[in-house]
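Questions regarding the structure given below will be posed in turn.
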Amino acid sequence: MSALADQPRAFAPAKDPVLEITNLSVDYGYDEPTHVLRQVSLTLNRGEVLGLAGESGCGKSTLAYAATRLLPPPGLITGGQVVFTDRDGTRRDVLALDDAALRRSRWQDMAIVFQGAMNSLNPVHRIGRQIADAITAHEPRTSKADALARSAELLDLVGINPDRLRDFPHQLSGGMRQRVMIAMALALDPQVLIMDEPTTALDVVMQRQIVEQIADLRERLGFSVVFITHDVSLLIEIADRIAIMYAGEIVEDAAAQDVYRRPRHPYADGLLHSFPPLRGPRRELGGIPGSPPDLASLPTGCPFRDRCAFAFDACAAVQPELAPSLVPGDDPARAVACHLHTPELVAAAGFAPRPLPDRLTLT
Amino acid sequence: MAAEIIVEPDTLPLQDAAPSGRKRRFLWMRNAKALTGVAILAFFVVIAVVGEWIAPYDPDARSSDLLQPPSWEHWMGTTHMGQDVMSQVILGTRSVLLIAFVAGFLATFIGIVVGITAGYVGGVGDEGLSALSNVFLVIPQLPLIIIIAGLLPSAGGLTVAVVIAITGWAWGARVLRAQTLSLRKRDFVEAARANGESTWRIILSEILPNLTAMIAAGFVGTVSFAVLSQITLSFIGITPTDTWNWGTVLYWAQAQLALQRGAWWWYMFPGVCIALVGISLTLINFGIDEFVNPRLRSTGLNAKTLRRRGIRPRIGFTPVVHEAKEDRA
Amino acid sequence: MRFFVRRTIFYAITFWAAMTINFFIPRLMPGDPVSALIAANQGKISPDAIAALKALFGLDAHTSLWQQYVSYWSLLFQGDLGISFSAREPVVDILARSLPWTIGLVGIATILSFTIGTLAGIAIGWRRGTRADILLPISTFFSTVPYFWLALVVIALFAVRLQWFPASGSYDRSMVPTLSWEFVGSVLTYGTLPALTIVVTSVSGWILGMRNMMVTVSSDDYVTVAQAKGLPERTVMFGYAARNAILPQLSSFALSLGFIVGGTLVMETVFSYQGIGYQLLKATAAKDYPLMQGCFLVITLAVLLANVIADFAYGVLDPRTRQEG
Amino acid sequence: MPPTPRGPHDDPDDRVPVLQAVDLRKHFPVRGLRSTAVVHAVDDVTIELYRGHVVALVGESGSGKSTIARLLAQLMPATSGRILLHGEDATARGRRAFRAYVRRVQMIFQDPFGSLNPIHTVRYTLTRSIRIHQGRLRGAELEAALEELLTRVQLTPPARYVDKFPHELSGGQRQRVAIARALAADPEVLLADEPISMLDVSIRLGILNLLRDLRDRLHIAILYITHDIASARYFADRTMVMYAGRVVEQGDSEAVTQDPKHPYTQLLISSAPDPDDLDARARGARGEAPSLVRPPAGCRFNPRCPFATDVCRTEVPPLLPVGEGREAACWGYSDRPDRPRVGSVLETYGARKEADR
Amino acid sequence: SGGGSGTEDPKPGQTQATSNERSDKVLTVGMPNGEASANQNPIAPGSGSTSFGYAYAIYESLMQVNEVKPTDPPAPWLAEKIEWNADYTQAVITPRAGVTWSDGEPFTAEDIAYSIQIRKDNPELNVDFPDQYGEITTDGSTVTVGFTTGQLVNEVKLYKLLIVPKHIWENEDPVTYTADTMIGTGPFTLKSFTPQAVTLVPNDGYWGDKPLVGELRYDAFKDNAGLTTALTSGDAQWGWTFIPDFENTFIAQDPEHFHQVAGGGFGVDVLYLNNEEKPFDDVAFRKALNMVVDRADISATAGYGVWPQITSVTGLPEPSGDAFISDEFAGQELSVDVDGAKQVLTEAGYTWDGDALVDPDGEKVSFTLTNPQGWTDYLDALSIIAEGAKSLGADATVEPVVQDTWFNQIINLGDFQASLHWTDGGSTPWNLYSNIMDGASYVKRGEPANWNFGRYKNDEVTQALATFKSSADEGERMAALATVQKRFVEDVPGLIIWSRPAVAQYSTVNYTGFPTAEDPYANPQPTGPQAALILTRLKPTA
């Protein structure tokens, strides 16, 4: 029932999936595992920027790591598929690849920039070499010199003077290191780029530079991006589609402006509207009441129900499923995991479905 | 949406995700390696304690079974004088363990104190202490032991232990110093300082535990070093040969050309005992390092389960097991 | 610049302290060279000869310890290390003769052991939790048995029983050292057992150290990044994990290079290999002060030199140390 | 109720800053063979923290913000300059003085991945802080204190986090543990170095509200270092903008963020994302931070400044008043005849962008 | 007669066919010294060439003394003859004619005079006659050496002096000269030196029987065990080391060729008893202990039969001592007699508290037996002695001590209760007895003694020993010796444990003609002036 009109996006991604995550489950720990991700499904389309936002600790990084199988011990992928579709249409399940194939696929198919990128550089190698490394590993015919020349270009791309090729990581500021990591991730024109809070250590000027750069490159090279950040403003600005995570599950998945202007999940609304505006009138913000649930012992039903103003009896018993929004006029591709939108499911479980309220905001 | 309804049974007991402190303390017991190590060591400790009562013979007593291979009467054979090798080994255990551990503790202690102080204090104090450890690194152990043994009326076990410690701490100190130096600049040390922790607390609680693996390795190293030094000293005949230790047994074996005469038992058993003690220490060391490093802990603790489930935890290749439900639409 | 001055002063002081201690050690030792000589010739030299021997060793003149100390330094600076009591030849000659053997044998063995140990440590640390771990207790077994024990067993087995290698010595006794293939071959055959024993007993230390560092380093982020980049396993293992893990290992290695000169005393004795360690043991037994001091001198110098190298190597290998906050 | 920005001298008690740094300077030596080069991390920074006030420090990454925080926490000696606590020289000589100092001045570190000891549980870290600053609490009291702290930083339920090791926590969770640790000290001054960079907006808000509550109730002085300018506007009374080791602009937060004067501040503000106003954006700004080993002569921003003139390249601009309680270090606001004409960065960059296309 | 008596009648035990042609096989002498030091000076005490032994194949002595049969007259060697005056204060040496140095220079009386003179002039070199040389003169054909005291018991020391060439040495400082060229008169000359092995080749200009050993090599082995290994494997063919259980360890490896021979001589090992301290200040206890020490057991177990048992109560070893045993004690043998010993103790007022022996003062008897650690045969012997003491009820413990301490603070200062020590050999029993009980060597406890460590003092004995040493009258000397023996047997100042003859191992695979038990023509060890004699007697096996 939002009155706001749809704004056409400048860049409309084609609807062909490049990465399909289905029912991905991840545990931490082996004997008393914490189920951090439980059957998470997410699709990334070719050429699309998918924003991933959510509570701190809800499993965003875990999702990114698991999809690339880089989760450190004691992480354990306990189920699901991560199907990558190559440019030529071949599909492969990352989780089923053997070591060699996985190695080959890495960085070319999917590159990742880690959270805490400042520690991600090898302290004893010059950054040029570290970038060139990735190139020569995948393109063995590239000569060292060529690889270094490419590295120089890449550095230039992220706004670092190519003179810095011969610097060691400790000689760079945190922001520069993050940019080096981004440059490195772009080294092989990956089809999917996963970026986990790549700009936390950067000032906004730099952040903008990088974001613009990524947008540019994306347009030029047509790769897809999974962008994880807490900076909602930034996310809305650069993402085509945003997935909101809560307690190890995706609760809403829709086009960026749709999510921002017309959130369909109460949590998404809370999350996207609790940041202070830089311009315009100052306004008081409330945030989301309550605290996130314990991933180690999640209650049954909807994990958000304790903090939700719209919770009803079914929320405690039935786990919501991602389903198309029921709001008339909504993009049919958008999905939300809320019982308000799945009356059939509620009914099937023997509860009385609730009608959609007029206003979905929490406060 | 053709999804089924998933009503999760509320089976998960609400308990702390992490084991409580007490439980945690005994966690290392679950590490098979450490447990084996502890078991072997405990075995020797028991022998060291009750050796006198369980030794089948007086180790000095001669008998007519000269140089007999192992038999039911003499499990480890006899010496050229008909003495029972097993009794000698049993009674020798105490002095070996005592000296080794006293020396190991002492050397580790000095090493920790000097190394960490040097690394943490920095500047002139560091240079002074480093110079000191360097000097001790170059002092030759053997002549020093001879001197001290000569200055004292009887170069008993503890003297030897002290001398071994004095000559053996410097290496550890160096290693610890270097590590402390790098830890000192870490943010968490700074943070603890900024939080108002006292210097010694920072050293003891922030830096030291991060060095535990290193210290444990150093301790194991020093203890082995002490065992070896002591046994070597006994073997070269520098320390008294009247109190039994494994080195003394070997010393006699060598003096009586046991190997040339085919008396392998005289040689083999003490050697194997030494090796067993060393191995037990190493195993314990593994246990310690898996335990003190929280990142390694769960892998170390669950090695067996993991093997059963076919999981090999690795960096960069997260294992995949299809154990969870995969039934969502 | 100040840094270098400080280091120089530091090493000078260390050198002085070590040499002073080394001056006093033999003099504090109980006993004297004469009775040691008599003991060594049990029954062959009558106590009546004591006076002659004292005169021969120059022990009859009474100079104060301080005078001795002063002349010790002045002679040291002239490169004069005196005449060995027991061998009756200049200490410098003995050292010059022994040093190459020690450096050759122990040096090669140490380098070998370090290389093997480090490589094995890398492999084991990298594959932590697999069956490769078994290698550890095995190698530990060899490092925890006393050196001489293993050496004697090895001699009994390979030299006496199987006769594959000679039991003692540095080269075929019938040869006179020349630069011929024959001689080199002989040196190699004679060096095999001692070197093997050194390697086998010392390798586990390197394995252990390297493994522990590998395990620590492997959990660092940059290793994950390297994996994420899809680098070949070898590159990740060596270029990333091992390259960082080896740093502390290297400083130990530099130090142990210093100890090479000291020789593995026991090894040289057991195999009667003519190195410095053997000379030191002999000198100690014979209370041969000049020779002992000579040995101390080279050992001290070597260790200090190794320290300098360690300092330097760390600076080269760890770029972080080049900048200081 | 939006907090109205208050002048620093509301209360006679507060006339003296709790913590003050005068002409602070920090040069890091660059170690090399014969090198005497230094990194000019912080140059001539004067900063005043008043009771119950929040000063935000924003600026380029690598401009010396963290260094200032560390200097103020006295974790490293300043190359020159003075630090005054309640107007008295507070340079801590000796451990006792230092500990007395940290009781009053606490710092939250920027990097929660590095500032928590990996081998200690959350319980240990917080217990230590509580013990140091609140006396020897034991048993139930201690548990209550721990619980209270964790709840304050929204790590709830506390029991879930209290026995975790840092590596078992997400970035944001670690950051909150670091905050809780500083809070346990009940300091007079809190130096918060990007305390919320890894938190999601809702928790970010919670933490900011918490800090604001501390400011209002306990009159803590807070130095708030951030890259999130919107939060500076929301939370800070005053905002200082740094560039390459120098303060380039300072003043009332609302004014600085709504009407930036210094070209760098303009660039900064206009670079900040704002989903409601996608056009107010300086696009295509290029260039990078200058080397701090050999900083540019004159105004350090001059290589990137579209308005720079010769005077900017030769003479260091002082902080010039540019309005009520506001200062900017830009020759454009001087009355020199050769001053540059400062226009709108946004326009300049916007125009360039158009030209590019 | 220096020359070998040929191979016509092969000795039993060495029944191999031999040839009289020089063989090119190497005869390897094994030395347990570890490493040869590059000091070839043959007269400096402890120098490499003497302790390694090859000096004795290159330099020769004046006479050949058969230490195995010390009573045999010395055989002329470099000296044609040596004549002493009546009180043994002057010796006239007639050099052998026709001898040349290996550099071709003739050997003359000057060389002998010079060789002795440098010993006199340099106390460093004067091990044998410190401060005892008188005037040394030469008339070109003979050399007259004067002594300040009578040297009857020391004459062999003169015979064994190595002679060096004056024409080379006079330009050098004899103390520091390293004599690298090794110009001697001996049957061999130096071919090459390495610290591991010293190689000698026959001296073609040798004055005596031309050696048939084509090459002689002295190999360094680290210690006894190393040498044992070399001997048992045949890598070394001649040497001397204590091989425990030598019959199985060594000889059994090649019974036909491997031999161990032990010579005679007067050297013995003595358990010094501290005559001034409890419990050994009581002659009854000393006697009793003497009666319970099982010397057969000690010799067999601790000494592996290498060290022969001594049976005579006088302590004199067989066979050398046989002629010196006084009539009174002829045939009296040491035996274990615990009851007899208890009897002696009971008579002296000792009692028993249970098993423990209590002395007349009412104190329990206990003592320690001290020796350096590492001297394993001694320590084994001590523990057997301790067992004997225990059979009396005395509490005896064996205490190994640091060798240096023992040398410098224990044995010489008399700070022990019982300790094993050797005695000098010599050509008469004089050294044996003097070393144990000579009042002339007596110093107070706490002062360093050269001999008589047990601090036995009896003027009668002191006098008798002096008489024996200086008297020219055979009868008087034997009477003095009888006195000494009587006191030795009755006072038991120390316990003779076993004899310590010169022992050597050799292999007759390549060469034969070594001294054997049947033909002990010389001390069988390679390190001594006798080496020149033995080497010229060796014959290659066919």
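In this document, chain identifiers A, B, C, D and E correspond to the written order of the chains, with residue numbering beginning at 1 in each.
Just so we're on the same page, a contact is a pair of C-beta atoms (placed from the backbone, for glycine too) under 8 Å apart; a residue touches a chain by one contact, two chains touch by 3 or more.
Keep in mind that what you see is a predicted model, and the values were worked out from it rather than measured.
S.K.: If you apply the touch rule, which chains end up adjacent to both chain A and chain E?
M.R.: B, C
S.K.: Across the interfaces C-E and A-C, which one involves more C-beta pairs in contact?
M.R.: If we tally the C-beta pairs in contact for C-E and A-C, the bigger total goes to C-E.
S.K.: If you average the CA atoms of chain A and of chain B, how many Å lie between those two points?
M.R.: It comes to 47 Å between the two C-alpha centres.
S.K.: Using CA atom averages as chain centres, what separation in Å is found between chain B and chain C?
M.R.: 24
S.K.: Just the number, please: Cα centre separation of chain C and chain D in whole Å.
M.R.: Centre-to-centre distance between chain C and chain D: 55 Å.
S.K.: What whole-number Å value describes the gap between the mean CA coordinates of chain B and chain E?
M.R.: 51
S.K.: Which residues of chain B are in contact with two or more other chains?
M.R.: In chain B, the residues touching two or more other chains are 17, 146, 150, 254, 260, 293, 295, 299, 306, 313, 315-317.
S.K.: Chain D: which residues touch two or more other chains?
M.R.: 111, 114, 160, 168
S.K.: Of all residues in chain C, which are in touch with two or more distinct other chains?
M.R.: Within chain C, the residues that touch at least two other chains are 29-31, 155, 160, 219, 224, 226-228, 269, 323, 325.
S.K.: Could you please specify the touching residues of chain B with respect to chain D in the complex?
M.R.: By the definition above, chain B touches chain D via 16-21, 186-199, 201, 205-206, 209-210, 212, 292-295.
S.K.: In the complex formed with chain B, which residues of chain E make contact?
M.R.: My answer: residues 225, 228-229, 232, 243-245, 248-249, 301-302, 373-374, 376, 379-380, 383-384, 387, 398-402, 404-405.
S.K.: Hey, which residues of chain C end up touching chain B in the complex?
M.R.: Touch residues, chain C against chain B: 6, 10, 13-14, 17-18, 21-22, 25-26, 28-31, 128-130, 136-137, 140-141, 143-149, 152-153, 155-156, 160, 205, 208-209, 212, 215-216, 218-219, 223-224, 226-228, 236, 248, 251-252, 255, 258, 262, 265-266, 269, 280-281, 284, 292, 295-296, 299-300, 303-304, 307, 325.
S.K.: Show me the residue ranges of chain A that touch chain B in the complex, using the header's touch definition.
M.R.: Interface residues on chain A, with respect to chain B: 22-23, 25, 27, 29-32, 34-35, 38-39, 41, 65-66, 69-81, 95-96, 99, 102, 294, 296-300, 317-319, 321, 323, 342, 344-345, 348-349.
S.K.: Along chain C, where are the residues that touch chain A in the complex?
M.R.: Within the complex, chain C contacts chain A at residues 219-222, 224-233, 235, 239-240, 243-244, 247, 317-320, 323.
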